[in-house]
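Next, two complexes with subunit A in common: one pairs it with subunit B, the other with subunit C.
Our next item is the complex of A and B:
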């Protein structure tokens, strides 16, 4: 059991993290105080063309130099600083969060046609797999993940989440069940502009992991959710699927349902299931995925975890509980429950 | 009649439930809770016939769990599993409810004016005079009456949505019955469930329940009573006898 909340303002109006914190904190019973986190899009407008790398260092003195050297080998660090944190009685600061604004430098790799995103992905995977006291847990542009092991309100206060203003937020309250809670295991999980929060467990993790690692991604967080971030990166960014078709691949209709579809639909759904069989996720889950343009919520095919959506003007909310949405916006309308396996999608207007 | 008002604004469920229990002990027969938002477990395990608890707002999950006697009226939507393992009394929801409504219920009634989520009435049971009833005014999602062992579910389809449009109705049902106003597509029946057209006798059995539901929400019962009903019941008392056991 975990608690999730996501909101997108389709007109890109900024919301500070204060109400997200309150909303998540009222779902405290969905967690166990072992992990909580937030991601906000639109928070670094001054560095919007740079990859904002958020890093947990075990020890600045021992671990930071190697990362600086690695990043400078591949590109330019235009700015870096410690992420401001504020001591909380219930959070043991076992890592020091740091942020870099980084861009791969073309002049360092003449004639390379590798996209910047692949270079950044490579660096994230390399650093996280080596486990040399540095963990890159956020690597998108103009966005940042803030997470730690603790209760939602304590993690929010640790980062003073209300000081950040974003047009799209995801937040998560963790109740780890199969592996222990730690800073890197808190949600959201992020790669490039993808962020994922998840309630449930992915029992097909082994299959999904083998599949995604065959494309060069590396699973290093000791928990299942990170495969979702890598799967959407593969399916949407690399393979060019729409968000809707990507969800169809991850939580496809049953074969007997496909048999009843009109011929063209059958053909499409068969092709997706056959092509992306190892990406199919089993087990109970309710998931929110975000990128810079959209917020997508969906559940497993037999709806073993809760998910509610609501709208208010330009805003779309998705959460585990209606009350959590109403904590942010008491006048929210169109409260509804997405059908099992079918996505609810909110997209910015431009 | 003694009335007690409780303001639940930013009040955690533990002190809220303590206030409810204290009010009942002190002889309150009507408890009105305002500004409810997300508090789970409201009224759990409380006893007291003749006590009415009015919840104004959107409560959290497991409302009225293990409750035995009181009536809870919710002016808003309920979250997951209202009436979970409830023993006696009534839960009346002026709105919709989430997944697993009336989960493992063992007695009493749950009325939901609008729609319910997945797995309504899952594992509902009955014993001797204890026969729980869930009535849904609107529609139910997939796996209605999953593993149902007893009791009665009625779905009326009054919200303009087909009452049953998803799979797995009565999956593993081995006791109790589900009555749905209008036809149900055979495709939506789960393993171990069968459907028949409700007989006049069976309709007569649900008549007083539908009249009570209609009165509660100010609905005209006449068209509801004139409709045909589909009755979904166990195909056998041991639907998975060959799956999990051998003789």
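Our next item is the complex of A and C:
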């Protein structure tokens, strides 16, 4: 099960989290009250040039000092503070959420062409693999993930999600099977500016994980979803594929379709499948992936999970259910159901 | 004779109430077990190898074959096999030859691995109703693609792919040479692979002219003896395989006795008739990994870089590092041949005691190549002891791209795994060059049987994948999360990178 929703305003008009909360709560039938989360882009305009690291500390006194030292070793902490939370009767606050605005010292990775990103990725992988009472669950610029174990409305109220204003939102209502009640296991998953929400189960996880780990990523969250964020990062940021071709690699056409394509197209699609065979994601899934420029929704190759899209002016909505979209925008138009493996892509105008 | 005769291996008896003295057993037995004396059929059980040819052709089910009719005094250390090997060597002073694969009762790792299936949280996929992709490409893959964005929004592929073999099922037939097996047996295999759309190996015996029509489904082998190798041979193959070693006898070369080198075999192998064909233990131009790299490139140059080149090694302790070296050459695939791999003839001491199981070797090769970020540079073909479709699924989960089968394909043609291939007397017309025995094997009928076997396995593989919620074989490859070890020890589970059942 699980319910997902994503919305982008292509003109970068900001939306507060209130409607998203209501929309996600529409899909409570898809969840079990053990995990929900939100990510919003454009929420930290005052610190937009710094990496916003959201961290769950098990214990501030025990665990924070070590992280501060590590961050100072690799750059500068421009500002840090506790993320404001508001007590909810149904949420047990097992972690203290914290935010850092961090500037990496790029001279420390002289051989890299993307030193800032590589330093932040390195820190995220290192901290999360070490499991020393700190988990970095959000690491992009001008964006932030807010998640916890609980029902969507409780998690939203815990963070007062309506106080955040973003031009792009993803949200997730979780029905966990692998890791119940673990805050780190709630969606969205994020790395740098990539965020992912996912409904389903990836049966190819073992293959995907071993593939992505051979490029230096580390899967540390005990769940199949994080691998999607890393795969997209690899394919788009490191290998330079467009979002459309990245989705083609992750949920490619069948050979019988490729065999019927015109020669040039056939050659391209064969090359994608041969090169990215281990990145192919199998099993039932509907996924929304976002970065600061775009929102992409797609399903597995035989569409074993629902995905609906709709538009309203500059806004593109992608969700598990039409009802959830209509909750935000009753006058939504162009409701459509993308075919298996075909991406729905929304991009900001500038 | 101080040792005297050893107890019978098999005791053959005929039920007189059922026998109608038709004599088919006499005609069919190529080992001289039966003879006619007056109206009676007499039996010499000592010659029996349990190839079951007589049993299969007795119209009345009158024949019984009993294994080990006489007991030795039992002893856990001094087994029957050990004692008989000593008797044998005490008499002959020679190396003991044996056939087929490893005959020691080591545990079979395949049988201690179980596959996964979907329930509730993810639906299984029904291959009867949904597409199920088993298509596999064997060869080098790029690590990433270079693309050019065109003004019209289209994308142009700049990266040039190196030639790959395309197979519709991840099952190929391994190298069994003309000489080791008969031409009729090779022809049956060739017909089968060309109909299925897969490949078979020629072995180190050259390519007989009559097989030229099937050459686009043949992988030609270059082994240390270089028998049958010339440019014509190389150009005919769909791919070329350099054989460094063989799972049944790692570290040593091959030996085809002169009796099996008839006129036709001599032409195909390019050696004098009746001469022993002895392949040296190493290639005399390969004494290091750089030398191998040069041979790979030499073969590629000779065939204008149009054909994939494979390198076959026996599964040994250091396979992973060796494979990593091979992956760094221009080779397109590495074949890992496990210690259960069959053979026509191998010294018993090698067959039973040298090498490691293919499951562990493939798991460590796959892991090492991933660790070094070079897994895409080479495909992994697993061979040696693949007995059923479940073995294929399991070895692919452990990291193989495809498998070679050998013994299984022979069994599909009637082989009973009697293990006496080296005698050249095969009653089934498989491992023999005697014309009267070879003609027993009809290439057409037998090709259908081999085709049926691979087809059946392919269907089962599709069902296993569907049950695991996987519709493309890429997603099974190296997916060790879909395996669990049952009664495997911790050390081995670490090597295989699988969890225990229940975890």
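Basically, the second predicted complex is superposed on the first by the 338 of 350 C-alpha atoms of A that agree within 3 Å, B and C clash if a C-alpha of one lies under 4 Å from a C-alpha of the other, contacts with A are read in each partner's own complex, and residues count from 1 in each chain.
As a convention for this text, contacts are C-beta pairs under 8 Å (C-beta built on N, C-alpha and C of every residue); 3 or more make two chains touch, one makes a residue touch a chain.
Being a predicted model, the structure only gives us computed values, none of them experimental.
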Inset, instruction - In the overlay, work out which of subunit B or subunit C sits against more residues of subunit A. - result: C
Inset, instruction - Determine, under the contact definition given at the top, whether A:109 touches first (subunit B), second (subunit C), both, or neither. - result: neither
Inset, instruction - Using the superposition on chain A described above, determine whether A:94 touches subunit B (first), subunit C (second), both, or neither. - result: neither
Inset, instruction - Give one of first, second, both or neither to describe whether A:245 is in contact with subunit B, with subunit C, with both, or with none. - result: second
Inset, instruction - Kindly classify A:78 by the partners it touches after superposition: subunit B alone (first), subunit C alone (second), both, or neither? - result: neither
Inset, instruction - Examine A:340 and indicate which partner it touches, taking first as subunit B and second as subunit C; both and neither are also allowed. - result: first
Inset, instruction - Report for A:29: first if it touches subunit B alone, second if subunit C alone, otherwise both or neither. - result: first
Legend entry - First, second, both or neither for A:302, with subunit B first and subunit C second: both
Inset, instruction - For A:283, decide between first (touching subunit B), second (touching subunit C), both and neither. - result: second
Legend entry - Residues of subunit A that lie at the interface with subunit B and also at the interface with subunit C: 302
Inset, instruction - Name, in rising order, each residue of subunit C that touches subunit A in their complex. - result: 118, 121-123, 125, 130-131, 133, 135, 137, 141-145, 147, 155-157, 159, 161, 164, 370-371, 373, 375-376, 397, 468-472, 474-482
Inset, instruction - Spell out the residues on subunit B that touch subunit A in their complex, using ranges where they run on. - result: 37-38, 40, 58-61, 77, 79-80, 96, 98-99, 117-119, 141-143, 166-168, 187
Inset, instruction - Would you mind writing out the residues of subunit A in touch with subunit C in their complex? - result: 177, 200-201, 203-207, 209-211, 213-215, 238-242, 245, 254-256, 264, 267-268, 270-275, 277-278, 280-284, 301-302, 304
Legend entry - Residues of subunit A that touch subunit B when the two form their complex: 26-27, 29, 257, 260, 302-303, 306, 308, 321-324, 326-327, 335, 337, 339-340
